[in-house]
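Quick one: this structure, given as structure tokens, is what I'll be asking you about.
When the chains are written out, they are named A, B, C, D, E and F in that same order, and each has its own residue count from 1.
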Amino acid sequence: MDALNTLIASTGIVHFTVGQVVMMLVGFLLLYLAIARGFEPLLLLPIGFGAILTNIPLAGMGEPGGLLYMIYEVGIGTGIFPLLIFMGVGAMTDFSALIANPRMLLLGAAAQFGIFATLFGAIALNWVPGLSFTLKEASAIAIIGGADGPTAIFLASKLAPDLLGAIAVAAYSYMALVPIIQPPIMKALTSKAEREIQMSQLRSVGKREKVLFPLMLVLLTILLLPTAAPLIGMFCLGNLMREAGVVERLSKTAQNELINIVTIFLGLAVGSRLSADKFLTTQTLGILVLGAIAFAIGTATGVLMAKLMSKLSKQPINPLIGAAGVSAVPMAARVVNKVGLQANPHNFLLMHAMGPNVAGVIGSAVAAGILLALVG
Amino acid sequence: MVSDLLLESATLMLIGMVSVFTFLLLLVLLMTIMSRVLRRYSPVKVAEKSSKTDTVSNGLSPAVVAAISAAVHQYRQQHK
Amino acid sequence: MDALNTLIASTGIVHFTVGQVVMMLVGFLLLYLAIARGFEPLLLLPIGFGAILTNIPLAGMGEPGGLLYMIYEVGIGTGIFPLLIFMGVGAMTDFSALIANPRMLLLGAAAQFGIFATLFGAIALNWVPGLSFTLKEASAIAIIGGADGPTAIFLASKLAPDLLGAIAVAAYSYMALVPIIQPPIMKALTSKAEREIQMSQLRSVGKREKVLFPLMLVLLTILLLPTAAPLIGMFCLGNLMREAGVVERLSKTAQNELINIVTIFLGLAVGSRLSADKFLTTQTLGILVLGAIAFAIGTATGVLMAKLMSKLSKQPINPLIGAAGVSAVPMAARVVNKVGLQANPHNFLLMHAMGPNVAGVIGSAVAAGILLALVG
Amino acid sequence: MVSDLLLESATLMLIGMVSVFTFLLLLVLLMTIMSRVLRRYSPVKVAEKSSKTDTVSNGLSPAVVAAISAAVHQYRQQHK
Amino acid sequence: MDALNTLIASTGIVHFTVGQVVMMLVGFLLLYLAIARGFEPLLLLPIGFGAILTNIPLAGMGEPGGLLYMIYEVGIGTGIFPLLIFMGVGAMTDFSALIANPRMLLLGAAAQFGIFATLFGAIALNWVPGLSFTLKEASAIAIIGGADGPTAIFLASKLAPDLLGAIAVAAYSYMALVPIIQPPIMKALTSKAEREIQMSQLRSVGKREKVLFPLMLVLLTILLLPTAAPLIGMFCLGNLMREAGVVERLSKTAQNELINIVTIFLGLAVGSRLSADKFLTTQTLGILVLGAIAFAIGTATGVLMAKLMSKLSKQPINPLIGAAGVSAVPMAARVVNKVGLQANPHNFLLMHAMGPNVAGVIGSAVAAGILLALVG
Amino acid sequence: MVSDLLLESATLMLIGMVSVFTFLLLLVLLMTIMSRVLRRYSPVKVAEKSSKTDTVSNGLSPAVVAAISAAVHQYRQQHK
């Protein structure tokens, strides 16, 4: 009967801790959000599943020797996975709208105020008893305001690996919540007249401009901000493969099979950081609150910047497109389009919002580089 | 202690935002220059290329298009 | 002329051992079976080629620093490859037939008797002079009766890495031989009248049931059998990606490119274990004999269980479908269909056999978890 | 020695098979409950979804179907 | 203002060395050649981009812990990437033309004189002050004459890792320059009458011959040249997967997604060896000169061998096809076709040149094996 | 020193080229034997297989071909 005892001792039931049960519920919640609600399912489904697997008692899948542990160490500990995702995103991104109207980059810049204000806020939270963030942790949390998953994971893996799970979950959750978070802020900061502004059609963009854009961006990064070079470099490599026209098979693979494989593994690895001891802390609560604030501030400063540009510019600019500056591609641009249509049924802002939207990706990668340079 | 950190993070906020704007403003500048230069030296090509891109972007693979035209052509031959 | 001597000394001919020649012939035999006979070619072709490459004198491809050695260590030593294959298989598996008729799971349970009886038999073989199996080795061998390649490789890599080559080859070979091994047993244990039984059409299964099934399965595994969590967990992740409907690109990649890449590497790595010193032993003979017995017993107990259920059930059950409980998806189900058609040309059992067939996959993963818990 | 191992493996066989059956019986139970609950609360949806699956399972990609209908439509327009 | 100083100190501008600037320009030059000139873009684009990334001051992407460093160590340091590329190339190669006319292998043999003559020449260059090559380095350089990228990278990674960047760049550049390098040599060594020779149509080749060919090739390699077994073995595995007809999904993956993924990484890893300290040496100049010579000699001996065969053979042989023996698939065969058409507008040599062309791949892999055996 | 190396590399050149030729000549021999043996025992199959390959090599996937024939057939039905 020894064997029977061994078997019973090896069932999960008798070993569950409360924390593991709670984290497993968190995992199932993420699966629910991903599948039933369509919240960023490509990431939240594997993250949720990874959270479940890593909290199984005795299985040790998130501990040394376990599958999830190995995936984490190889892919996120080294920074490789977020960089490959960024390469794939670069290969998927069409910069035409931004090249046609480069000033949209300023909206992407303004929206990063969400990041830096949140960094300040996180440090201020140290006054709250029980909460304590170092400058590195605060920076890693603040990057949630960049509304860019791979950038957040890359920075968190460098500055605050222990918070990575909560930060990634917050980032992707809020990116999925953009349609709920942004519209009230957008409407509060703009008048109906402003929201009705129609913008003039974008000029067409030539192939050469598209090829030179990633090269120029990487060059500027090299000169001014080498700490952002891995992120922006891989992003530009992907975009160059897309636009060069001579390596289509590499570009296709980067934006399909390769990014899909990495996404599955990245999700599982992030999920493996959702263990009870790392996630069930007061810090996580702080992260969730700060993340939402960061999103809101970024949206607001984006819209305010667009209002300013609208006043100064000869060309008509609809201030709504400033909200797309947080990135969250392409969700934020779609939200802009929707809110624009509510004000004026003939006002299609989608293409105009794509410019600030992709500018937001660059902006948050730049912000990540600055944080790495100053805090890392 | 916290106030030291707060001061530091306020500085970070200032320098960070200035840097982000500087970086992206320089990018705006570079892009504007690039576009002007390119359009001065090859104004025609732009239109050509973009129309080519349009054709590709309807999402049909050349094989499918070829197959369909062949099928329709063959059908037309057999039934006229 | 020094150089000439060096060159001659570096030819393969002068360094061949008899064992290497024999193992290379084994490799060519596997290639023949794969290509000319169509025996599980996806695995046996790379395994056979790996066997050839690993036995080349002086090349050292299976020794530290060699390509095959590295692939083995990274992919099988860690258990990652079989788990990724299992994820892909999960993404390819449609559980509709099983969800429509959950009692089919009992056939998948009964067929696992092949595993446990063989474990007993392997230990009994210790009385044969020259044969000696520990409990771990016996368990790894017995899993051949599970008729499931990745499960066998996963368990063997944990319990008896030295036997892995022979076990994997036996498992895939017998899976390919299912059309030869099973029919006589199926006919011996059933009457013609039983084989003629037509089964009622399966009800259609909703999307929600399909989504909840992998979640329920992983939950049960977590509660009762955490040692099976890696295998069943990755299997359920694959199936969830398939059925969720929101991550189709991940599901497609998991069941195509990712599983293909891993299959090539897994095959080469398994082949690298077919070196003379590991394969040309009396143990290998024992493994081949025991594997065949395990398959036969599993088939028999599956059929007998189906006979029992046929007697007790109000709904008609054709006992032949019990043979599909060994898994060997979809070969075993096809054999059931064929034998059924021989008895009654209007009796299409394929869909009905898919239930026990996929139940067999779950059953042998559960059995593997039990063996890991008790023996590992 | 061997007989000790044999006894141990016989125990393994017994406990193993009982465990496998227990596990899968519990799964049968859970699945039956789930199906009943689901069918009670959403009896219509089942049929809808399955018909949708059928349409997809004919193996043609939407792009191909779209291309063909477009081609045939165009052909029809030009030749009526 | 500390933070400002930190930020300024972390910009790239203030840390650039002259060498890094030069190497970055080399990177941009490679990108230009790849994109605007279509020079082997699949490799030169990622190599050029890798060269840029690795020379960014402070970013350390090519140093321990950096992305490019890790990719290099995992993929090239171990030899895995070139071998996987070779497997993919094998899966893409149709040996029909060679099987229909096996004597074409002699052209692939003759063209390897480019390799061995260059090895001699590299050693002779030791008399030039400032240049110094060991036998290993000379061998790694000489393999450029093989006109085969993965073979060159594989050999260089074993014999002279420090020269790998320059060797790979030279190999791919000269492969792209085949249409410029070869025609003058081809015309100088042949009369117009010879160039006008039309060859008789090739017989059709059965499936069995195609399946047996890779097996025979690997067997011969095993017996005579085990040091070439990794290269030729993986090549033959790829080709066997292609021709076996039973593992089409593995073959498709090997020649598409897998080779694409590996190509991106291989290119980046090679680019990471284009750092100033490794590339800006007099040796690089020697490598570039020797590489061009190796190509020219290989082309010449290929053509001369074809002339000899043309004289001895009863079947008409156009000596131009000898030039395809250097490999550089399929560029060299196309050049042969073009030069043939110039002499005789009805003379289509493409299919006839494919035989020597793929023979050249085998020939240079054999030469690499010989060099590994004698010098490695 | 250099002359020693030169001698060594000259030897390498000689042995290397002889080896390359030996290897590839043996391969020529093996291939010729193989082809003769195969063609003696299965002369018909060769032609069959090659024609099969031709059909496949037009680059259209069976799904596309099936879709088009279905579309054209349907069109023909509706318009006769």
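Methods note: contacts are C-beta pairs under 8 Å (C-beta built on N, C-alpha and C of every residue); 3 or more make two chains touch, one makes a residue touch a chain.
For clarity, every value in this text was computed on a predicted model and none was experimentally measured.
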| field | Fewest touching-chain hops separating chain C from chain F | value | 1
| message | Measuring between Cα centroids, what's the chain most distant from chain C? | response | B
| field | Inter-centroid spacing, chain E versus chain D (mean Cα positions, whole Å) | value | 48
| remark: Whole-Å distance, C-alpha centre of chain B to that of chain F, is 41
| So what's the Cα centroid distance for chain B and chain E, whole Å? | 34
| message | Please output the residue numbers of chain C that touch at least 2 other chains, ranges allowed. | response | 3, 7, 224-225, 257, 370, 374
| field | chain F residues counted as touching two or more neighbouring chains | value | 8, 12, 15, 19, 64, 68, 71-72, 75
| said: Under the definition above, what is the set of chain A residues touching chain C in their complex? | reply: 3, 6-7, 10-13, 15, 24, 28, 31, 34-35, 38, 41-42, 45-46, 49, 52-53, 56-59, 61, 66-67, 70, 256-257, 260-261, 263-264, 268
| Touch list for chain D against partner chain A, complex | 8, 11-12, 15, 19
| task | Provide the residue numbers of chain A that touch chain E in the complex, in ascending order. | result | 78-80, 83, 87, 211, 215, 218, 222-227, 229-230, 233-234, 237, 240-241, 244-247, 249-250, 252-254, 257-258, 370, 373-374
| query | Inside the complex, what are the residues of chain E that reach chain F? | reply | 99, 102-103, 105-106, 108-109, 112-113, 115-117, 119-120, 122-124, 126-127, 135, 138, 204-209, 212-213, 216-217, 220, 224-225, 359, 362-363, 366-367, 370-371, 374-375
| task | Using the touch definition up top, name the residues of chain C that touch chain F in the complex. | result | 3-4, 7
